[in-house]
Amino acid sequence: MGVVVQNIARAPAVVIDGLARAGVATVHEAQGRSGCLHSYMRPIYAGAQIAGSAVTISAPPGDNWMVHVAIEQLQPGDILVLAPTSPCDNGYFGDLLATSAMARGCRGLVIDAGVRDVRDLTAMGFPVWARAISAQGTVKETLGSVNVPIVCAGQAIVAGDVIVADDDGVVVVPRADAASVLAAAEARLAAEEAKRQRLAAGELGLDIYDMRARLAAKGLKYV
Amino acid sequence: MGVVVQNIARAPAVVIDGLARAGVATVHEAQGRSGCLHSYMRPIYAGAQIAGSAVTISAPPGDNWMVHVAIEQLQPGDILVLAPTSPCDNGYFGDLLATSAMARGCRGLVIDAGVRDVRDLTAMGFPVWARAISAQGTVKETLGSVNVPIVCAGQAIVAGDVIVADDDGVVVVPRADAASVLAAAEARLAAEEAKRQRLAAGELGLDIYDMRARLAAKGLKYV
Amino acid sequence: MGVVVQNIARAPAVVIDGLARAGVATVHEAQGRSGCLHSYMRPIYAGAQIAGSAVTISAPPGDNWMVHVAIEQLQPGDILVLAPTSPCDNGYFGDLLATSAMARGCRGLVIDAGVRDVRDLTAMGFPVWARAISAQGTVKETLGSVNVPIVCAGQAIVAGDVIVADDDGVVVVPRADAASVLAAAEARLAAEEAKRQRLAAGELGLDIYDMRARLAAKGLKYV
Amino acid sequence: MGVVVQNIARAPAVVIDGLARAGVATVHEAQGRSGCLHSYMRPIYAGAQIAGSAVTISAPPGDNWMVHVAIEQLQPGDILVLAPTSPCDNGYFGDLLATSAMARGCRGLVIDAGVRDVRDLTAMGFPVWARAISAQGTVKETLGSVNVPIVCAGQAIVAGDVIVADDDGVVVVPRADAASVLAAAEARLAAEEAKRQRLAAGELGLDIYDMRARLAAKGLKYV
Amino acid sequence: MGVVVQNIARAPAVVIDGLARAGVATVHEAQGRSGCLHSYMRPIYAGAQIAGSAVTISAPPGDNWMVHVAIEQLQPGDILVLAPTSPCDNGYFGDLLATSAMARGCRGLVIDAGVRDVRDLTAMGFPVWARAISAQGTVKETLGSVNVPIVCAGQAIVAGDVIVADDDGVVVVPRADAASVLAAAEARLAAEEAKRQRLAAGELGLDIYDMRARLAAKGLKYV
Amino acid sequence: MGVVVQNIARAPAVVIDGLARAGVATVHEAQGRSGCLHSYMRPIYAGAQIAGSAVTISAPPGDNWMVHVAIEQLQPGDILVLAPTSPCDNGYFGDLLATSAMARGCRGLVIDAGVRDVRDLTAMGFPVWARAISAQGTVKETLGSVNVPIVCAGQAIVAGDVIVADDDGVVVVPRADAASVLAAAEARLAAEEAKRQRLAAGELGLDIYDMRARLAAKGLKYV
């Protein structure tokens, strides 16, 4: 506790933006079905789809002091990612902090706790994925850390990892894997388009994916 | 496990469509306040109001193979209803499966688990009532069954039962009761309209429903 | 149980309306970070921001009889606040009761249980903050009480207390404190505006709030 | 609602008692990994291991009137199984009802709600599997039903089905399957004993169950 | 926040001890089925049955400073009752604080948060009813209050109210009602004994409580 | 997925055993109040207090194949630590697997899922800390990994880290920190003994820890 790591490596912007376009479900599949944060992490408004480099915050329950410290570490394209050191649904973040974060180019917030001023944040176009919406305020008394490894909503996240978030939730991609995951995601998207057309035309997945023999071998019985 | 029932009986389309118009709360009351699935089953977007015949799926946790099998059993007007064999919030279903289901006339999905690609599903107009929104993918390794009796979100459902779903949640009507429940629902709706006008004019439920004497008999005291 | 308190004191309308304008987060901070109901209390639609005097209802699980009794006690500007005597997610309230409550000038409902007919309520513009959306109906068999002290979603509420509710949730202000809390809230709002502009211009909270020395004294280390 | 089915079929006592000896985990496996009630159903004390014929109760939230009605339907060797019509954790059952049930030969209670007087019940040796322990009392105002099909903690249960319960939880066996499930369970127990001795001697499941080739074929890599 | 009320009124010791003997379920019924804390409040070991005067603590999440302040206010026969100002499961209390509290005659702790050192507390015979068992430590940075009104696990509690706790959970009795509730509880216990003997002899509650006519009038049907 | 790491480093046995003696709460404090797994991880029986080197398992929901693979990797003094790749409460582990693990010197299991055969495990003295007790069985179809980094119940765990578990729950100590954490834990235990005696003699924490001036400076008011 009480450490701020100032220099973190980030993935290339072109990779990050490609992952944003691919979206959470595709990226998650492309990296071997891993990296999804718990499904209770929900967007405060529909339609945002972003990616960015994680600036991580480890904060005590009910204490948002480290958010101020973290904002100084933001670079354009970053996403704040906050995990409390024990479960807490307080509203750590609201419109003033969002104003400050946006002024530094921050793309959004992922927080395994609460957020408030959601009407203002929606109007500002500052997206947040949170465990709770709560007006409950916090104090500024106890240190946490910035840009140290954290566990947020069930996933280990290192500062500089790529965060992708949309209406399906949030996924983390380790920085070193970002380019290869993007390549796999784009390949997957290309392959999906052909399947979508065949399915729309009435072909069955049972046939497209050649499942019938394997189902029969497993013992599936039609009655 | 490992059984697909191919021929199921369905209620008449005119009855099903009448139940859709009546909506979940009215249908639930009309069949004696029974049949509501747990309240955690929420629509992925507001405004859809549907009814259809249940094509049921019993699937292992984290395995969506049986969805492909079930889609072949769909007839126009059906609704897919999936219950995992133990609690699971994985995203069993996304836009490709929805494309396939829509191609066969499916009206929607009720799933006591997770769904993904919710932005696409919303754009496609394919409504889903789910326990969770989750990008977490699934495998295709273990058999389940299709059109066997299941328990979904607290209600026993038999293939061919009528599912009604709207912004209030989901209710199931046993197929054999569908016509009589529709009649009761329509009678209820007719009766409500007169009450609505009297209440809007300022009359009290205490008087319209003649409650004062019974409240006093029970011992209600005004102080 | 079984008591209806008919005469309750209310805060002045001008104070109540001022608190509505200030909103939940500001009012909560202005009264010393207290009074927030649990964060599971969510609005059925976005955008409503109201305040009013609490008409309280203590009701048994699965029994909405007392809602009818409470509606007679409503005056224009009031808000119904219902707490079940044990946890329950039934839909105690729907469009007919809302029609009746609106006819008496009621501004909304706060209910630590379920609500139904949410599409109709949205169309009517009758806002509700609830623990659940559920079509499950209730009976009218057992007495509760109206305008007695209750605990609703974690907060003690006395009839006539001011309820403020918006997209961030719900906060209660004791009636006797309403005027002073409003003054503090308005002072807070005025002070925030200057800060917002400085933050938008890129100044850091670390500097505006003079946090650096105190952080260093606590031992924060930059690496 | 409002129906009491008086004559129900029961499985043979010798089959029921055999299932009790086999225990929940074995019985569940023996019937194809099905029938387990949700894992939140926990015994009020450790060490009880029972089986019996289900006498089912469907009861409104917060209303235990039907328990009295059900007790009259008990025969020696039965187990009471109660499901509320919507989620409720009230204490529907305590030492007086247990005294009455024991007087009729009842072996225990499975309740997807609350129970109270747990110290007395423990002293009496009356085992209960419940969702909650709660002193919250109930009323006797609204009818439910006895010996109708119910869904209890996620499983459909018909009166006369065999309930098996021990420290691992609760499983239901359809009455018609009871004898064949018992046979499968006993075969399973016999087969397990040999495996237990080989495992205790240090042999690995990888070898006993011949898993290595299949793991390699799936792609497992040792590094 | 930041207030310690030093002089609180307490109920007579003889009344408190009588309520302890009556136990939670009986006391709850005797005061009209009110006062039970949420059922998630569980004892750390079975068999304790106590009553005492509440010394209340309102504490921030993750901060146990006020426990030290509260201990100075304890008198023999008191029970500490702690509610965090927002949901928190940290271990606020362990064996050192228990040693200190016992030295002042404290009978136990009721805490809507976590407790730790449960093996030591069990060995010391210091009973605790808690929402969680957690080793997670707390800080001492932010003030709370002692002996102010709180809401703990869903019940409003004023310092000096009588807390009764046993294996069924926790109930609060307002100090002013303590004597009359004890009288009602003792009457209830006396009446129960006769019923228990009749039930044990095989008489049915249906007959003892004369329920058959009322059930028939409500429409109960035997088939 | 699909990787087994065969050679992992472990902390010295003397350090591990020292951490076991210190217990979870002390170890957690000694490493700066970090490392506690979520409080829902509970022991299946009271009184076990162990430490060991983590052999980690990442397993799909409802699939326990990797447990067999992991057991081969066990050395005497190890603890199995299993995290499912998405939330699951199935009973992955029972008495046969425990027999096998014990034959290899395994000290216990920490599993963010379910366990079964708890009566047998208790009799065998094989301790388990789990999220659930569940008889629900699993399949052996999909690969996971062994001795890769996992997140278990909210904590990142690397194979070879030291796991400490007792009645207060579970804490993880990074292997590299184990010796220094042990030293800090032992210092803490030594210091606590003196405090315990002073507290038992009636001295107050307010005085022993010199809190009065700081409380007054923060503004605490006695009324």
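Chains here go by letter, A, B, C, D, E and F, matching the order in which they are written, and residues are numbered from 1 within each.
Keep this in mind: contacts are C-beta pairs under 8 Å (C-beta built on N, C-alpha and C of every residue); 3 or more make two chains touch, one makes a residue touch a chain.
Since the structure is predicted, the reported quantities are computational estimates derived from the model, not experimental observations.
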| item | value |
| --- | --- |
| Any chain in contact with subunit C as well as subunit F | A, B, D, E |
| Common touching chains of subunit D and subunit B | C, F |
| Turn needed to bring subunit A onto subunit D - CA fit, degrees, nearest 5 | 180 |
| Euclidean distance of C-alpha centroids - subunit C vs subunit D, Å | 42 |
| Centroid distance [mean C-alpha coordinates] between subunit E and subunit C, Å | 28 |
| Subunit B and subunit E: spacing of chain centres that average the CA atoms, whole Å | 41 |
| Separation of mean Cα positions, subunit E and subunit D [Å, integer] | 31 |
| For subunit B, residues that touch 2 or more chains besides their own | 33, 36, 85-87, 89, 134, 136, 142 |
| Pairs of chains satisfying the touch condition | A-B, A-C, A-E, A-F, B-C, B-D, B-F, C-D, C-E, D-E, D-F, E-F |
| Subunit D residues within the subunit B interface of the complex | 1, 32-34, 36, 38, 85-87, 149, 151, 154-156 |
| Subunit B partner contacts - residues on subunit A that touch it in the complex | 24-25, 28-29, 33, 36, 39, 42, 46-47, 49, 166-169, 171, 192, 195-196, 199-202, 204-206, 209, 211, 215, 218-223 |
| Subunit D-touching residues of subunit F, taken from the complex the two chains share | 2-6, 65, 68-69, 71-72, 89, 91, 94-97, 99-100, 102-104, 114, 116-119, 122, 132-137, 140, 142-143 |
| Of subunit B, residues touching subunit F in the complex | 60-63, 85-90, 134, 136, 139, 141-142 |
